[in-house]
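These are the structures in question, set out in turn.
You will see subunit A twice below: alongside subunit B first, and alongside subunit C after that.
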Partner chain A sequence: MSALPEFLGTKNGQRATVGGVLLVAALFPLAFDSLATQLDVAIFVLAYVMMALGLNIVVGFAGLLDLGYVAFYAIGAYTIGWLASDHFTGVGGDEGIHVAASNFVSSIPGIHLNFFLVLIAAMIIAAVLGAFIGLPTLRLRGDYIAIVTLAFGEIIGRIALNGDEITFGDYQLTNGQQAISPVDQPYLPGADYEFDSAFNLRPYYWAGLILLCFTLFVNFRLRDSRLGRAWIALREDEVAAASMGVPLVRTKLLAYAAGAALGGIAGGFLGSYNNAINSNQFQFSFSIFVLAMVILGGMGSIWGVTAGAVALAVIDRYLIPEVLDDLPSSFGLDFQLTQLSFGIFGFLLVLIMVLRPEGLFPERRRKIELTEGVGTDESVFEVKA
Partner chain B sequence: MTPLLEATTVSKIFGGLVAVNDVTFDIPRKSIVSIIGPNGAGKTTFFNMLTGLYRPTTGTIAFDGTDITDMRPDRILASGVARTFQNIRLFATMSARENVMVGQHARMSGGLFGSIIRTPKVRAEEKRVHETAAEKLELVGLARKQFDQTAINLSYGDQRRVEIARALASDPQLLLLDEPTAGMNPQESARLTQFIQHLRDEHGLTILLIEHDMKVVMNVSERITVLDHGEKIAEGAPVDVRTDERVIEAYLGKSTT
Partner chain C sequence: MNAPTVPWSQRPAVVGVRAFFGRFGLVLTLLVLPVVYGIQDLSEDGDLSRLGNNLMDGLSNGAIWALIALGYTLVYGIIELINFAHGEVFMIGSFVAASFWGTLGLTLTTGLPGLVIGLLATLIVAMLTCASLNVMIERVAYRPLRNAPKLAPLITAVGFSFILQNVGILWRGGSQQGVDNLIRQEEEVFQLVGVIISRGDLLAIGVTVPLVFVVTSFIARSRLGKAMRATAQDPEAARLMGINVDQTISLTFLLGGLLAGAAGLVYALYQTNVWFFQGFTAGLIAFTAAVMGGIGNLRGAVLGGLIIGCIQQISDNRIGGEWTPVIVFGYLILIMTFRPRGLLGEQTREAG
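And now, the complex of A and B:
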């Protein structure tokens, strides 16, 4: 009987488990209708997990409490809005600019880069912005980082909202609440296949799954690298890390940039799937939502964060709006459960903090840090003798 | 031959407090030099200036002919000055080996993309660093079975060992040890004294020591500098310093007769 748990503990066992989970995840859409609600939910889940894993690099690995992560969702989404829609109608004359676009899209004016090229652009732009937002936090620690990043998240959100007033030439920056829409669907030039979310959600799901695998891969590789060790060293003792040769500025900015890049990809993917980039999507509460996934799962623990993100995303996109929404009315109460969703998340978070403060699947180090109270908040700029 | 490290008229003032006052100091190559002085004499402040954690208020510090006065701590380490801390500062949740691997950070080149793709070069580098870490831990005498033990679970003496191994891993020319025998019993101190000499004789390191244990200091040092209230009050061979009136006064108080 003990053979199975033992096998799961070995390296091959873990590989088999991951392989099994991936296989189930890959076959999942076949169990449902091609336009099923479950598929729609699953696509959001994939995107949210990617964002949580991106934030995990910043918060979980490097210990930089980032409350403005929504900024990278916004940047990723707007990148696809700008580079794969008719937003800049007149650019490139009547023809527009098309790179590896489908036949259908080729007839529309504006800038139309292939979805996958846009994702790369989104990654780069988000990474640069991430490092830029990181700059003013370099001398700060803990809560103060949270305040500065929160402000940046708000600034990006406000710019998105009021971007219809920011114009250059004939073009608005963001369209504000009017939304940039429609957005080009992903297109595979080699196979001459264009996604169509109006008929079939499965390709989106599989694309999301591949992007998620990439995100997971990046997380694992970074964790077990020179950079990953430097992040942990910084998180635990900035003074000792600097004295042992870890360059603070560079190492912190790389954490911000790497986290932001993954957020940018997820944002681009979700922007394309939503088919509309609306400034309403980029609220402060979303930053908290993603952070809650990281904390719920266990900061720094890759599988923990994945599980936390899946749990919260399913609750947010499926359980509350689809399954339990009418629950209050069955008790004779006059409201919908969706109106309470943030209250429910808050309650869950408090519950976790009381019962299991290290998260559902804590990382070994974080557990030691919490229970032994190790680590120091001393910064290199305020060393005591 | 020029000294390995030269501090010229270095002062550090915190608000109204003069922690280090106009100290000029050098470390000859391949020597073992000690700084002693009563508590609060400015020894660790001086150390912090040498390693870039503090910027001197006035004065300059040169290492191996290069001015390091305004250099960042990580750059100073990369140029060849490594240190340990008075109150051990290991990365508590990392294993002994991982701690020593961080010490080699400046000697590695793997970046963001290299780490993600894990190029053959990065792979080879990781392997090398892994092995070097074991070598250094062996050198400081940590038991092999402790290599993968979490730092916080190591005994006090072993933590000191790992900290020295971490500093050595950066392949320094100059090793600064801040009270390395604090909390050690006489046997352990004696062994450390031998080890310090071994590092100098066999590995060609230059060593600067802050130390309270007079037995260690007198045995191991070729030259002793005495600080009191931030000022250098004596400097010389152990025999001379031991009999210096101002030193005795600083440690024991002024005779009233």
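And now, the complex of A and C:
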């Protein structure tokens, strides 16, 4: 018995654990009906984990508190809405523009790029936007960065909401609360296979799992790269990092861009799965929801953030609405638990920050910073020169 | 900042332009909206009274933002924390006020003496509730993190803001809720060159001006105010001088809460509706005001509140209320990026 924990500690043991988890994750949908609620929840979980891992690059690695992460979800989702739906009817004549689109979609006017092309577009657009949002924060520190990113997130949410007033030619920018819908389903041109969320959720799940593996891979490679070490140096002491030759501007902008790119991919995936891009999905509370995942798991710890995101996503999509929603009324209280979901996340944020600021599965280095006060010059009671 | 020793006329043009924008750029940017719409009004009918009315409404709205902005600026001045939950404390103040005057039985038919006494009592209750709430939040969510990295208390502040929003939802539901227009706020009292001064305007300004006066002179004159200023300047040294730093910080939150409670009552009477989300919007507007004035600077917060109120009112009236947040946040980003010390503030660490 004692050999097992020892084995799990070794490199091979860790590989085996990860492989096992992946295998279970890959086989998970076969245990359920092809339209089961559990599968629907699992697809959201995958998308949320991707977003949390993206935010983890900005908040966890580089230590830049981003309160406007929802902007990249919005950009990813709208990229799908613009480039893979009949939103721009009439562009490219009556036939529209089609690139590697399925037979069914090819008969519909508008712009229809293949899902995977759109994901790449979403990634690029989000990365550019991320760097753009990062620009004004370069000279700022700490909490001012948080507020500037929050303001950008709100501006983008507002533009999405009022986008039906912004028109160019006959086209509205976003359709506002009317939503851009329907959106093309993913299509594999080589295999001539089109996803269909009305009949089978499994392909979506597997596509999400592949995207998540890609996100995890990117996260690990970035963390262990020269750039990743630069981020950590920046987080611990900006001045020291700069004097050691870390280029501040490029390093910070790359953190924003990388985080945003992953958010864009997740947003595109989720937009396609939702089959409707509605402006009311992009609210400040969502940014905080994703931030709560990162903090719960442990800022900077990739597996921790993954676990935190899975936990919160399951709580948000499954436990609260499906299982516990009637709990208050069984105590004779007149409300549904879903009304409280964001209060619950707010409570979690406070609780974790006060009791265990390093998160549930902390990264060793970050834990030392948070609990033993490395970089105490950032703390409230600094002695000013 | 050294005063320029070279006369303007002898300096290269580029440096002159840069210095000019460095000094007056923010003022010029703030003047864009009123000037544009003033010219538009003048060219259309030669009458500036519409703009005048916008500005008047803006000032009374701005008076409410100023009260909230003072809370932000006080707290930031002393512990360098953006008290994100402050807007929600203000929202709770509105809710308490509306409920308490209902309990007192104030209705549209209440006579003047009853109304005045009732509203004064409501004001006190709202102020005290918000003050104790604010102090409680500091104890629970900020004090344990005093020595943690600066972002930790900001995160708990955001968390608390969500908790309070949910309290608001449970209390009065998720949509805007009308309250009795007790003072018939839109009724005209008098006119000044075409600008209508309503009861609501008088109320907002009549509550704000004395409160601001009392708070500023408390901080400037009293012993406790002196302790606050000392703590803001250097907490360690203040502690060595025998000042109870924890108590002083609590006092700061108490003051902020008192002002937020007053703002809550005025808001409920002025807007005649309350909802759980008002605190989030108001909080960000007021924070913009505090930053605009120069965070940590009391006069700056009041000035910023009044200016942002005018901008918001012009934007509501001319561009459309749904775009107002974009304009306000646009200003917030511009100011934080190009002039983090605001109109009246001093150089801060954030300015780099």
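Here is the rule we go by: the second predicted complex is superposed on the first by the 374 of 385 C-alpha atoms of A that agree within 3 Å, B and C clash if a C-alpha of one lies under 4 Å from a C-alpha of the other, contacts with A are read in each partner's own complex, and residues count from 1 in each chain.
The working rule: a contact is a pair of C-beta atoms (placed from the backbone, for glycine too) under 8 Å apart; a residue touches a chain by one contact, two chains touch by 3 or more.
All values derive from a computational prediction rather than experimental measurement.
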Combined model on subunit A where subunit B meets subunit C, clash or fit: fit
Subunit A residues touched - subunit C or subunit B, whichever exceeds: C
Partner chain in contact with A:E369 - subunit B first, subunit C second, else both or neither: both
Touching partner for A:A25 - first (subunit B), second (subunit C), both, neither: neither
Which superposed partner A:G346 touches (first subunit B, second subunit C, both, neither): second
First (subunit B), second (subunit C), both or neither touched by A:R229: first
From subunit A, separation angle of subunit B and subunit C (C-alpha centres, steps of 10 degrees): 80
First (subunit B), second (subunit C), both or neither touched by A:Y144: second
Which superposed partner A:I288 touches (first subunit B, second subunit C, both, neither): second
Distance of closest approach, subunit C and subunit B, by C-alpha atoms in Å: 5
Contacts on subunit A seen with subunit B and repeated with subunit C across the two complexes: 369, 375-376, 380, 383
Contact footprint of subunit B on subunit A as seen in their complex: 217-218, 221-222, 225-230, 232-233, 236-237, 239-248, 254, 257-258, 364-365, 368-369, 372, 374-376, 380, 383, 385
Complex interface listing, subunit C residues touching subunit A: 79-82, 140-141, 144-156, 158-163, 165-167, 169-170, 174, 234-236, 280, 284, 287, 291, 320, 322-323, 325-326, 329-330, 332-333, 336-337, 340, 349-352
Partner subunit A, residues of subunit B touching it in the complex: 19, 44-45, 48, 51-54, 72-75, 77-78, 82-83, 85, 89-94, 98, 101-108, 110-112, 115-118, 122, 125-126, 129, 150, 152, 166-167, 170
Residues of subunit A defined as touching subunit C within the complex: 63, 65, 67, 136-137, 139-144, 146-148, 150-152, 154-155, 158-159, 161-162, 165, 284-285, 288, 291, 295, 335, 339-340, 342-343, 345-350, 353-354, 357, 369-370, 373, 375-376, 378-381, 383-384
